[in-house]
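In what follows, structures are represented as structure tokens.
The two complexes that follow have chain A in common; it is paired with chain B in the first and with chain C in the second.
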Partner chain A sequence: MAVPVRKFDAVIVGAGGAGLRAALQLSEAGLKTAVLSKVFPTRSHTVAAQGGVSASLGNSEPDHWHWHMYDTVKGSDWLGDQDAIEFMCREAPNVVVELEHFGMPFDRNADGTIYQRPFGGHMSNFGEKPVRRACAAADRTGHAMLHALYQRNVRANTQFFVEWMALDLVRDEQGNVQGVVAMEMETSEVYVFQAKATLFATGGAGRIFASSTNAFINTGDGLGMAARAGIPLEDMEFWQFHPTGVAGAGVLITEGVRGEGGILRNSAGERFMERYAPNAKDLASRDVVSRAMVTEINEGRGCGPNKDHVLLDITHLDPEVIKSKLPGIREISIKFAGVDPIKAPIPVVPTCHYQMGGIPTNYRGEVVVHDQVVSGFYAAGEVACASVHGANRLGTNSLLDLLVFGKSSGNSMIEFIKAAPKDLPPLATADVDRSLARVARLDGQQNGTPVETARAAMQRTMQNHCGVFRFKDMLKEGVEKILEVESMVKTIEIADKSKTFNTARLEALELENLIEVAKATMISAEARTESRGAHVRDDAADTPEHPNGRDDQNWLKHTLWFRDANRLEYKPVNLKPLTVETIALKTRSY
Partner chain B sequence: MDEIELKRIVWRSRRGLLELDLQLERFVAEALPQLSEADLLLYRELLQLPDNDLLDYLNGRSECPNVRLAPMIARIRDAQR
Partner chain C sequence: MTTRTVKFSIYRFDPEKDAKPYMKDYSVELDSSDRKLLDALVKLKVVDDSVSFRRSCREGVCGSDAMNINGRNGLACITDIDSLKQPIQIRPLPGLPVVRDLIVDMTQFFKQYHSIKPYVVNDTPAPDRERLQSPEDREELNGLYECILCACCSTSCPSFWWNPDKFVGPAGLLAAYRFIADTRDTATNERLDNLEDPYRLFRCHTIMNCVDVCPKELNPTKAIGKIKDLMVKRMA
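Showing the complex of A and B:
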């Protein structure tokens, strides 16, 4: 079937921090650059980031990129690639100052330099003592970043295609990437965006879990598209969780609530943390609390009709304290849990926050499979795995990742485009046809599964079987269940088949991406029989031989999941930085 | 308001912040069908606000400087009870 083709030097899917940073690089180099986004750029999920972006500027006290690098390697539980981490930490001061010049309104010191605040995991002198490294713009860092980058892109003549959804990657017979198939939401018309270089900057896929802090748009489209095109997904078993999100909604309840005296209870009303952490109790560290909560739920002591959450009780606190010290919490609880915490406890559950894995790239943003660069294909931001976050991301390193790898992938694309033949090659149509068939299947499906049913089944399965704390048998069962859900997804059906802004169709297409991420996550997690960073298993316990359950002898390697037959492969972690010495393996303890 | 515009509004109720998604989803499902033409135009205008501002108004953390939008903000807040 003939599909209209639009031609560019570069096409970028995603207008969050990573996509905008890359686009700027390309447009300012005078290249014809298209950016596609499901939503208006400044409403990308990057807008949610409040905490800040890290860089060893040393504005408040001495700091060094090498210390930042050490913290990042340690945070990653040594699964991060040390070349990429060195690159990121060295580049950090440059990209942050550059952003300042783009008009980012950073908080400032009296002397006019960027103000820096302390943040968990940021240390000076190789783990010695906390250092102030986070740069922020009030509590709107992500918003300000998007705004500054968007304005600058408009000036540089980046062409935005807003309310367009990329559907599939287009590769030729040799596997070279030629662009994407995309749908215009207003008309449901399908086009090909052909380009010399294609970048995925589509963000994370937190919506695979029932409880997630991610906005609804975070459906891992880039991961789904890559997987369908034969590109493996790296380290997908690693997801960061927060212990207390409102059950069923995902909105975070700050840890300050437990600080003010909040108590966690199970279905029997028992203060169960007394059993898990007799001294610290409810104030134990994140992972201890998360693990205890999941164990309670798993052993049948969860609350609610589905016994799938626990309760955070602050009814014993003085209502005045709640109103004055925790005002936002009362509002959140009333709105999203339907309970006034002065009168009744808040249902909470560990909640997914950030995806460490993604499309395998090197620090130049080039997608790499089997040690070979996939010609014409790049990825940056949360969708990519460079890998700088390894098994666990350090707070504020994600916004940094967007800036550094957005820029470096932009530069790699410029080089590639300039060396490419002037005219675009003939378009290979096999992938285009496959994509059209996918849309046609959806429109023609009868007696199928409703999208909500399949999505809920996926989210429940991921939450229960592959959450913050994992059990061998549950994972095994989870693999079977997620494959059953996959067969449901193959027959999803939409009632509304209209053409204009058909949200139902878009959600169905998104679910086809989410399920790829869910499978990758479950299958990779089941296979990795150690605990490392955010992947914590009951059967890989803390022993003197394997502190924290980490097994470097067998598992110091990256997972690669291929959609084809759910095959797993592994590749070594790059322990060799660019210029400094390897940061040697150590037990990760804080 | 025509069908296309209405559906565009539904899609644009998808935001970058989860807390907005949840509140607007509820509002769209429960209240949108009953809105008058004038109110639909107001809601459409409200959707132009930056996410952080809109959330602050809905959470009562600050007042929307555009007083014309105040009744619509109140309606969305009401839909959350």
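Showing the complex of A and C:
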């Protein structure tokens, strides 16, 4: 079938922090770049980030990128690749200062420098004591950053295709990436965007879970597209449950609240984190705090009529500090929890928040399958797995990841495009046909499954079988169930067949991506028979031989899930940094 | 779980099959956990998947789901259902072309935003580290930088309805002042030149609709007043 083709040097799918940072590199280098986004750029979910972006600027007290690196490796439970982590932490001060020059309205210290606050897992001197490393614009850091990056792109004349949804990746017979198939949402017209280099910056997929801090549009499209095109997904068993989602609503309350002095309390009013993490207490790493909370709730010390949440207390803070440093949180708390945190504590529960895994890349943003670079294909941001977050991400390291790897993938693309032949090669059509068939199937489906039925089944299955604590039997059953859901998804049906801004069709296409992510997650989790970071199983308990249930002998390796027959392969963790010494394996405690 | 039934009247229009827009009545069963108008619309879409609207963050920060709710512009995701008189009348934002149902064409709105050069201009060589800014100077940006470009304000402004191509509108003017107020920006004069025009700035007649509806409690009128003051000062 003939599909119109638009040609570019580069195509970027996604206009969140990662996509916009990459776009800036390419536009400023004068390359013909198309940026596609399902939503107007400033509506991307980066806008919701609250707490901060990390960089060892040392504006309030001594700090060093090497300490930041140590914290990140430790936070990752040693599953992060140390070359990528060194690269990110060294680059952090540069990219954050650059962002300030772009116009980011950071809060300021009295001396005019960027304001920094403490955050979970940020320590000075290799884990000694908390340090102020999170650079913040009140509790609206993501909003300020996304707008600043968009604004800078306006200045650079970046070409945006707003409300275009990429459907599938296009690869030629050799597997080289040639671009994407995409649909204009307003008209349902399908086009091919052909380019020398293609970047996925499509963000997370938190919507595989029933309860999530993620936006409706976080449906893992990049992951689904990659998986269908034969690219494996790395470490998908690792999902971060943020300790403080508003109970019942899922909306996030930033860790910055605890950074500013907030305290978690159980039904007895006890500051229970003192028992679980005597040093870092409420500012221990996220997986540690989330598990402590669930343990408190499971042991009957939860709050409220159903004893199903704990309380985040900031009533002891100066109301002026709350108003100036945490205004957005106060707004959220009043709107979604019905409490003014100046007067009463906020009900919170661990909520699915962030996907540590993703499309495997190296620190240059090139997509790699094992050691093999996929020519012409790049990924950055939450959709990618560099891997800097390993088994558990430190707060504020994601916004940093967007800046560092958005920029580095942009630079890699520039290099690649400059070295590539001037003319684009002939377009391979197999993947284009496959994509069109997917849309045609949906439009022709009869007597199928309603989208909501399949989506709800998926979200329930993930929530019940693959949550904060995981159980061997539940995982096994979860795999069976999620494969059943997959067969439901194969027949999803929409009633609305209009060509004009058909959001029902878009949601159906999104569900086809979500299900790939859900399968990858459940299957990778069932196979990993140890506990590490955010992945904790009942049959891999804390023993002297395997502290915290971690089994380095057998499991110090990355998972690669291939869609084809749900095959799993593994690859080694890169323990060798670029210039410094390996941060040696150690038991993780806070 | 307690349930309740909520009645709606929703503006419907699909240019492919409707000769003209019409209002359609719905009643939706809601759980006690469905507190916001967006929760109800999402439930409604399960029953009738052709009801079309934009949404993303569901927490009032992305600016996607601005609509006209019982005659007033607002974000569905932070509007309490129980605060609304039933049947809840939902229409698209007024004054912009309707693409379908509650989805409007925002081109004109963004064009005006882009027209004020929405980025910090500073051609002096950047230092190795951050440009310094005192906390007091930074505070000048509060109430300005938080705009989410939802268009609730501009589409409730009569001056914008009449001249969407010529009058920058409250959101764009708020953004213009955000850059004027930034001590790091060196283009104040050019920015004022850009607005010195019988329409671009001066069509604002201080009707204050914009302030009334802004879901982020920002005050475009005040920002507009400050730009006007600077113009006057500059003339003197």
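Just so it is clear, the second predicted complex is superposed on the first by the 484 of 590 C-alpha atoms of A that agree within 3 Å, B and C clash if a C-alpha of one lies under 4 Å from a C-alpha of the other, contacts with A are read in each partner's own complex, and residues count from 1 in each chain.
In the analysis below, a contact is a pair of C-beta atoms (placed from the backbone, for glycine too) under 8 Å apart; a residue touches a chain by one contact, two chains touch by 3 or more.
Remember, it's a predicted structure, so these values are computed and weren't measured experimentally.
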Combined model on chain A: chain C and chain B, fit or clash: clash
Chain A residues touched by each partner, larger count belonging to chain B or chain C: C
Touched partner set for A:506, first chain B, second chain C, both or neither: first
First (chain B), second (chain C), both or neither touched by A:143: both
Partner chain in contact with A:494 - chain B first, chain C second, else both or neither: second
Partner chain(s) touched by A:335 [first = chain B, second = chain C, both, neither]: both
Chain B versus chain C as contact partner of A:39, first or second or both or neither: both
Which superposed partner A:197 touches (first chain B, second chain C, both, neither): neither
Which superposed partner A:182 touches (first chain B, second chain C, both, neither): neither
Chain B versus chain C as contact partner of A:105, first or second or both or neither: second
Against chain B, colliding segment of chain C, chosen among 114-122, 204-212 or 222-230: 204-212
Where chain A meets both chain C and chain B, residue numbers: 39, 42-45, 47-48, 140, 143, 186, 215-217, 249, 251, 328, 331-332, 335-336, 498, 500-503
Touching residues (chain side chain A, partner chain C) in the complex: 39-40, 42-45, 47-48, 57, 97, 100-103, 105-114, 137, 140, 143-144, 147, 151-152, 154-155, 186, 215-217, 248-249, 251, 328, 331-332, 335-336, 450-452, 494-496, 498-504
Chain C to chain A touching residues, read off their complex: 14-17, 33, 35, 45-46, 48-50, 52-64, 78, 99-100, 103, 106, 110, 114, 117-120, 122, 126, 128-135, 137-138, 141, 145-146, 148-149, 182, 184-185
Complex interface listing, chain A residues touching chain B: 38-39, 42-48, 140, 143, 163, 185-186, 212-217, 249-251, 328, 331-332, 335-336, 498, 500-503, 506
Parts of chain B lying in touch with chain A, wherever the complex brings them together: 3-4, 7-8, 10-12, 14-23, 25, 50-52, 59-60, 80
